[in-house]
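The letters A, B, C and D name the chains in turn, as written, and every chain counts its residues from 1.
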Amino acid sequence: MNPPTDAVRFRVRYSDTDQMMTYYNARVLEWFELGRNELIRALGKPYRLWEQEGVRLPVCEAHVEFDGPAQYDDLLRLTTTLSMPSRARVRFDSRVVMDETDRPVCHGYTIHAVVDPGGRPLRPPAWMTEMLTVRNDMR
Amino acid sequence: MNPPTDAVRFRVRYSDTDQMMTYYNARVLEWFELGRNELIRALGKPYRLWEQEGVRLPVCEAHVEFDGPAQYDDLLRLTTTLSMPSRARVRFDSRVVMDETDRPVCHGYTIHAVVDPGGRPLRPPAWMTEMLTVRNDMR
Amino acid sequence: MNPPTDAVRFRVRYSDTDQMMTYYNARVLEWFELGRNELIRALGKPYRLWEQEGVRLPVCEAHVEFDGPAQYDDLLRLTTTLSMPSRARVRFDSRVVMDETDRPVCHGYTIHAVVDPGGRPLRPPAWMTEMLTVRNDMR
Amino acid sequence: MNPPTDAVRFRVRYSDTDQMMTYYNARVLEWFELGRNELIRALGKPYRLWEQEGVRLPVCEAHVEFDGPAQYDDLLRLTTTLSMPSRARVRFDSRVVMDETDRPVCHGYTIHAVVDPGGRPLRPPAWMTEMLTVRNDMR
């Protein structure tokens, strides 16, 4: 049984770089968002539909470790893995490497609360835990 | 009678730079926003109160010309001038220079619609036109 | 004879949005960058190779008109068209629509100088004008 | 003996917000950068001069915990504290609160390597350790 996981490829944009000739550190959290979105979409229900059903996953905690540089236009591969450390928390582990060589670029995680549109803690609805569990069994 | 105008000083952040060793072009529109906010605040009613009274100024059009480079930590001075080309439009002209030498960095403008929270065109309320007109007379 | 043109599809990221529930205006210039990159790549020589051969295209002027809202996760289609208004200038016209309905989201252009790594005006090298001209003939 | 610390005030920009009606998570790392810059400046030698003398502090690790929302135009206070967990590492602890009420907004840290312009580990020069030590004694 493997946890839900998904990979996306993207290129470093000029807007991701800074004058130290690598990607700017805050941009990594935008990349992680991209990976979360695509993983959730691959699980069968895009996050925007979660929002429409009243489930939100605000970020509680974010952590990044910077493993190496990347320049403009480099093709990166971001792998995202989902887990639920508790009924009230969803965690995404993210790892970015150079697509061609697998050389590490950065990795980290984000931890998310499960809340309603008013920001109050929410017991995860059945479709949500089922979706994650079924996928766990399938893979 | 001079139009309402205001200047703010700020430093180029590392996050504003790119690997061409100058500020990244899109960042200028964030700087222009900063200047609009502070000009509107100086006129006596911060934009967030405009929103609370149901007036929004979404950007319809933005234009930037890039006059010269600026590096991380350079102290810049942004001058913003407001005008109303019509009852339905507010225009902000923005000019950024090196604070110490007045060397041009970039300039441009944004044009904004006057709309209600639903995005429908709105006749500017009396307090809005008065605020702008009074300031015009005062300066 | 048609000018070189190319289309890319991308989704609105959460990081592209603001609290007015649409994309933040400055983000459009990052989207335009994405379109330029992919058009230049499609012409046969990625921009990073231009830089390695000593040709840079800094933005001189940028213009955006905002045609309608777009929300998080909307699938957009960006069409970019290249032209050379003079030997010293390259212009990219950009148009973003909702991919499914063709409803306009925003459009505009950027104008770029042709310079060497030191920022001095450069006569476009033969491969550059040929690449653009050949493509013109081919399409 | 207290560690070097400094506080800066700034307002949430529209560009910092997202459609969840609070600040976008990645923006916090840009705020932390602002706090580091101003703390280093307050210690007597702006970071850009560190770079000119061949000392760079790339981010190795970043951590953020999100404590509460903040809206457009809220006035925030960011307190940054510097420490050297080893000769090869500099750490900045950052804490953001609502300026008026001290209500927590977010907190975290960044850990930085000390490297030369080529990215190789560097023994911190005497002026650097002295600057930090002297300030420690003075406060």
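Here is the rule we go by: contacts are C-beta pairs under 8 Å (C-beta built on N, C-alpha and C of every residue); 3 or more make two chains touch, one makes a residue touch a chain.
Just so we're clear, the structure is a prediction, and the values are computed from it rather than from any experiment.
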Far-end chain from chain A, centres as C-alpha averages:
B
Distance in whole angstrom between the CA centres of chain C and chain D is 35
Give, as an integer number of Å, the spacing between the C-alpha centres of chain C and chain A.
28
Between chain B and chain C, what's the gap in Å when you average each chain's C-alpha atoms?
25
Mark out which residues of chain B touch at least two other chains, giving numbers and ranges.
14-15, 20, 22, 26, 30, 33, 71-72
What kind of graph do the touching chains make: line, ring, star, complete, other?
complete
Name, in rising order, each residue of chain D that touches chain C in their complex.
14-15, 17-22, 24, 26, 71-72
Partner chain C, residues of chain A touching it in the complex
11, 13-15, 30, 33-34, 37, 46-48, 71-73
Of all residues in chain D, which touch chain A in the complex?
20, 22, 25-30, 33, 56, 58-66, 69, 110, 119
